[in-house]
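In the two complexes below, chain A is the common chain; its partner is chain B in one and chain C in the other.
Take a look at the complex of A and B:
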């Protein structure tokens, strides 16, 4: 296991210094040019900065930049700074391919970070052919584990949290008849299958299984079909833009059953948008919350202080904050062994290290089958606030 | 399997949620009919309307009625700007209809990006809550929003058709739509009629986007997606046929929602494009019943005031 606590401690001290004197950085930039500083070690960051998913993408990039700041403030990789080359994917496969081609062919990065299942899958052949490591951070399609030798994830795939919420519903909550409503795209279809399999394996029954169009604004037909099936729990596998509205319509049409979903809806806005109708809604979180970790608490406070709000999709941003620490650990290990930093060497060293202790998401074990193991936090809206219901795994 | 209550509920909720789309389709069909522009820039008008209301209510703390006024004003302003600075200028330069169409596409994308820069991409609503109180009426869930949307849409439809048929400028718009050259010959100011059509369509869009934004989340790119439904309804309903576009929008909404009771729900999104495909291939002039032809002279004569000298 590699301990990055020293980096964090040092980062904390230096960050305070940085916050106390941002002007000094500007002044130092000129002076720095006089010294021959080693070139920074670079990695790619291909995320949606524009388009419908930029809400999450922009906050995740900001989190990664804070992670980079912290690493560099602690001395970087044996004195060399790290730097991210940030390109926009719009969460779109075609744009993602263009971005990753540039990262590999022009920017020559040995490793790049990306997210959103559609993009992660589309760029996987490029990563494998070029022998450059693709780190998926946030996408949860189970297929990601089977995309090739150079594709890894630091984020638990759908099997982990969706299986956890399905099992918990069937066993601990005692629900025996579930209806599944899912968005008819890659994200929804695959994850809904995972829920169905896990729920039925736990001895319960899926009584309705309904897709909806990604552009839908009215779900009356699906909801009434679900109502006919008389479920005792409704699981929604949608996106942040449609799920609150779908929950509102479920409640308006008289569906009072427990509603579960996944990490996409774990957000304070859901409660504001739905009011009383949000009570009882269950979501998953794949990272500890502010009440579980002082580091996360300080991180959330920083968001509130510097940005004026909590990040959109807090757990996702925690993973993005942590990824520069993982990359730095591998870079440093290669440097310590006197090995050149290439995609092939990065992959070998990352697999050899295997387990990483990361500041905001805790211990991360990368399994030989390209999956990772993490605890799942089940969160429920109770009395108008997200409350931890259980920790699974 | 399905009780009458289920079918009535689908009918009611679909009618209510389709009401915004009916207005989008009416606005699109109106501009297509009078200005002969396939106006993709309607998405820009819709975006401006929503964010005007959002700024007034969600950010400025203004009451709902002020948000509606902001949406109407924003949409009308954008419509006038489009007509005066865009379409009229292109008309003067004798730009081809394809060029005008491309211009509308660019405007819709441009405004979408401006909205993204100004407001970010987080889905937004005019009011903080998406949840509207519900009353059960004979076993049917009726939300306050349903009543508001249906009432407002009915008033807007009646007002629009009354305006087109009874007012002088409305009749001028109809005359220009029927035959612009002949209308000009009869002394009808084409520019004025087209500007009026854009403003009227803008106001309809403003109302529809306000209603939509009080129930659903909107992003800067949402209007472009919403517009596709309006375009499909206009094409299927018969280009130039306002009533056809309105009826088609209602029928499409109902069919799409009810379809999941009879076919796998994965096919729901496909239906719209399937109907559009069929309509274009089998009914290139639209699906509509034969209507009694009105002599142009009657329309044009009605558009002129009796005291005006013939021929302007």
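Take a look at the complex of A and C:
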């Protein structure tokens, strides 16, 4: 599809003319001539390319495209190239359903990648019914592990990093009174519960537990309640878009306590947006940073050189870069065994392989309960830069 | 094929929603935008009855429609005593309030959404069966509404909408008629909700927010308010058009704004160029003001 569009642009032809020409070639020359090059192996990529989450979705798609380029440059799947069919979900359940239905029934992909918890959950019945593998890459709702036989994640769910930051705060940092501010949606509610459970299990106390509306732009009421509770740490479970504003308002209202959050805010933009107010903020990262891995360092440098900036949500883009490598490993294994590539065979082979060594996120083990375990990097803003505080797990 | 089935099902559901919304807002003259919330009540009611209550799906779907109908009566009884702008504001409040309740109650799945909703069809059944069912119910809904609006009751509705005071002076009960119109329209939205829930098997409050109201309003305005076939055409056009755009392989930077302005752009274009919509209402239903306007121009 992309190739046809490129031909059209290059030659200034109309789509109808190109399709007509291709039809004539097909009729005249026969199928053999068209199959001189083996057809690429395809997978689906259903991500938010437009809408409020597009800033992150577009960077993640770019990362996946770089991963595909790297796989193909290394020979693809025993000489066959891989290709992604990219469709927009707008991070919206209904648009996601339409996109995934098209990937499965029109594009006939055996596996597709998607993200954002609401979309991941909405399309799960389609994946299970169609016996096509859904790989969730980036969504962290704990419920994702229970969505059915054909739904897997390559990204650790909320239990992993939220538990780590809660335990670290209570034990290593010695904080005993936490306030939790969370967005009233899937991401916020479930992760806030995980934090509350982990923090109290570590012998500390939750002194304030306040939800805020996803469309909120002012949090004065919640912040005043938190202030009255006198916490010694404030944990924020929000979105990339609202957390910097919330932190800014906390600081403006004189709250000087340590602020922690999760992987969504591990982002250079947070420091640009908050300036001095960002100092001391703790975030989690579920992938090694540039200082931990030469491959990640080279990847970040490529972003700066080609795009002129670091990617939005660096760890998430690392996972997206890696997913074509995982898919290629499974495709190659199926090809080596002479098995047809279907959703069912993909699932069986992926589970049989179990452990994958990936270039930017390292070792990935897919557990039988559909979860994955990864190390958690605790990052803190110190002197205007993200600095590694600790590695857990 | 599954993709086409999905589009067909969404089109048929939108036909039920747009036609029933047209019945309330167009024929009944009740300016409410809370229609999607009754779609939500039908969907959640049916899904919860089947998932947690063990009610067979085939019974849960009409039960969901009845729950939506009952809820609409509860909303209508105090609301229809007000009209015009006040009813519009009241309906926004109802929509926001009910969606907030769904978001904040655990047994609805909260903001994260309701999963594991049982399907109507057994695994392996051709989904074409579901398409046939939804299309058949859409046709029946349209025929029912067409029959009502073309009956004596429909003429009474017209009289009530055009001059409520004169209608009441003739001894007719305008409040009872408004409640009945609102209940039937919302009950049909609830039926669409149940059909949606047991096919797509995931519900989240965001699917029924004010954007859905805007989409329904666009379908009715573009198709043609107070006509039987207008909302059908509007529902089909506005389901197919965004899908067709995605096949153009446009860059994301262009595709996003195009989809974004599609709905608002269409409403503006139709308001200025063809306010009667693609299919104009029959003369009985054009309304007095429009008739007078035309008479004045001639």
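Basically, the second predicted complex is superposed on the first by the 358 of 393 C-alpha atoms of A that agree within 3 Å, B and C clash if a C-alpha of one lies under 4 Å from a C-alpha of the other, contacts with A are read in each partner's own complex, and residues count from 1 in each chain.
Please note the rule applied: contacts are C-beta pairs under 8 Å (C-beta built on N, C-alpha and C of every residue); 3 or more make two chains touch, one makes a residue touch a chain.
These numbers were taken from a predicted model, which means no experiment stands behind them.
J.: After the match on chain A, would you call chain B and chain C a fit or a clash?
T.: clash
J.: Can A:101 be said to touch chain B (first), chain C (second), both, or neither?
T.: second
J.: With the two complexes superposed on chain A, say which partner A:50 touches: chain B (first), chain C (second), both, or neither.
T.: In the superposed model, A:50 contacts both chain B and chain C.
J.: Tell me which partner A:92 touches in the superposition: chain B (first), chain C (second), both or neither.
T.: Touch status of A:92: second partner only.
J.: For A:75 in the superposed arrangement: first (chain B), second (chain C), both or neither?
T.: Neither chain B nor chain C is touched by A:75.
J.: Looking at A:40 after the superposition, I want to know if it touches chain B, chain C, both of them or none. Which is it: first, second, both, neither?
T.: Touch status of A:40: no partner.
J.: Look at A:184 in the shared chain and tell me whether it touches chain B only, chain C only, both, or neither; answer first, second, both or neither.
T.: Both: A:184 reaches chain B and chain C.
J.: Once the shared chain is lined up, is A:130 touching chain B (first), chain C (second), both, or neither of them?
T.: The second partner, chain C, only.
J.: Name the contact category of A:141: first (chain B only), second (chain C only), both, or neither.
T.: After superposing on A, A:141 lies in contact with chain C but is clear of chain B.
J.: Applying the stated clash rule to the superposed structures, which of 8-16, 98-106, 152-160 or 206-214 from chain B runs into chain C?
T.: Residues of chain B that clash with chain C lie in 98-106.
J.: List the residues of chain A that touch chain B in one complex and chain C in the other.
T.: On chain A, the overlap between the chain B and chain C contacts is residues 50-51, 54, 58, 184, 214.
J.: Which of the residues in chain A end up touching chain C in this complex?
T.: Interface residues on the chain A side: 1-2, 5, 49-51, 54, 58, 87-88, 92-94, 97-98, 101-102, 104-106, 117-118, 121-122, 124-126, 129-130, 141, 143, 147, 184-186, 188-190, 214.
J.: Under the touch definition given earlier, write down the residues of chain A that touch chain B in their complex.
T.: Chain A residues touching chain B: 50-55, 58, 184, 210-218, 220-222, 224-225, 227-228, 240-242, 244-245, 248, 251-254, 272-277, 312.
J.: Within their complex, state which residues of chain C touch chain A.
T.: 1-4, 6-7, 10, 103-104, 110-113, 115, 119, 123, 200-202, 204, 206-207, 243, 246, 249, 252, 255-256, 259-260
J.: Show me the residue ranges of chain B that touch chain A in the complex, using the header's touch definition.
T.: My answer: residues 1-2, 6, 9-10, 13-14, 17-18, 113, 116, 120-123, 125, 128-132, 134, 136, 141, 143, 212, 215-217, 219, 221, 225, 228, 253, 256-261, 264-266, 268-269.
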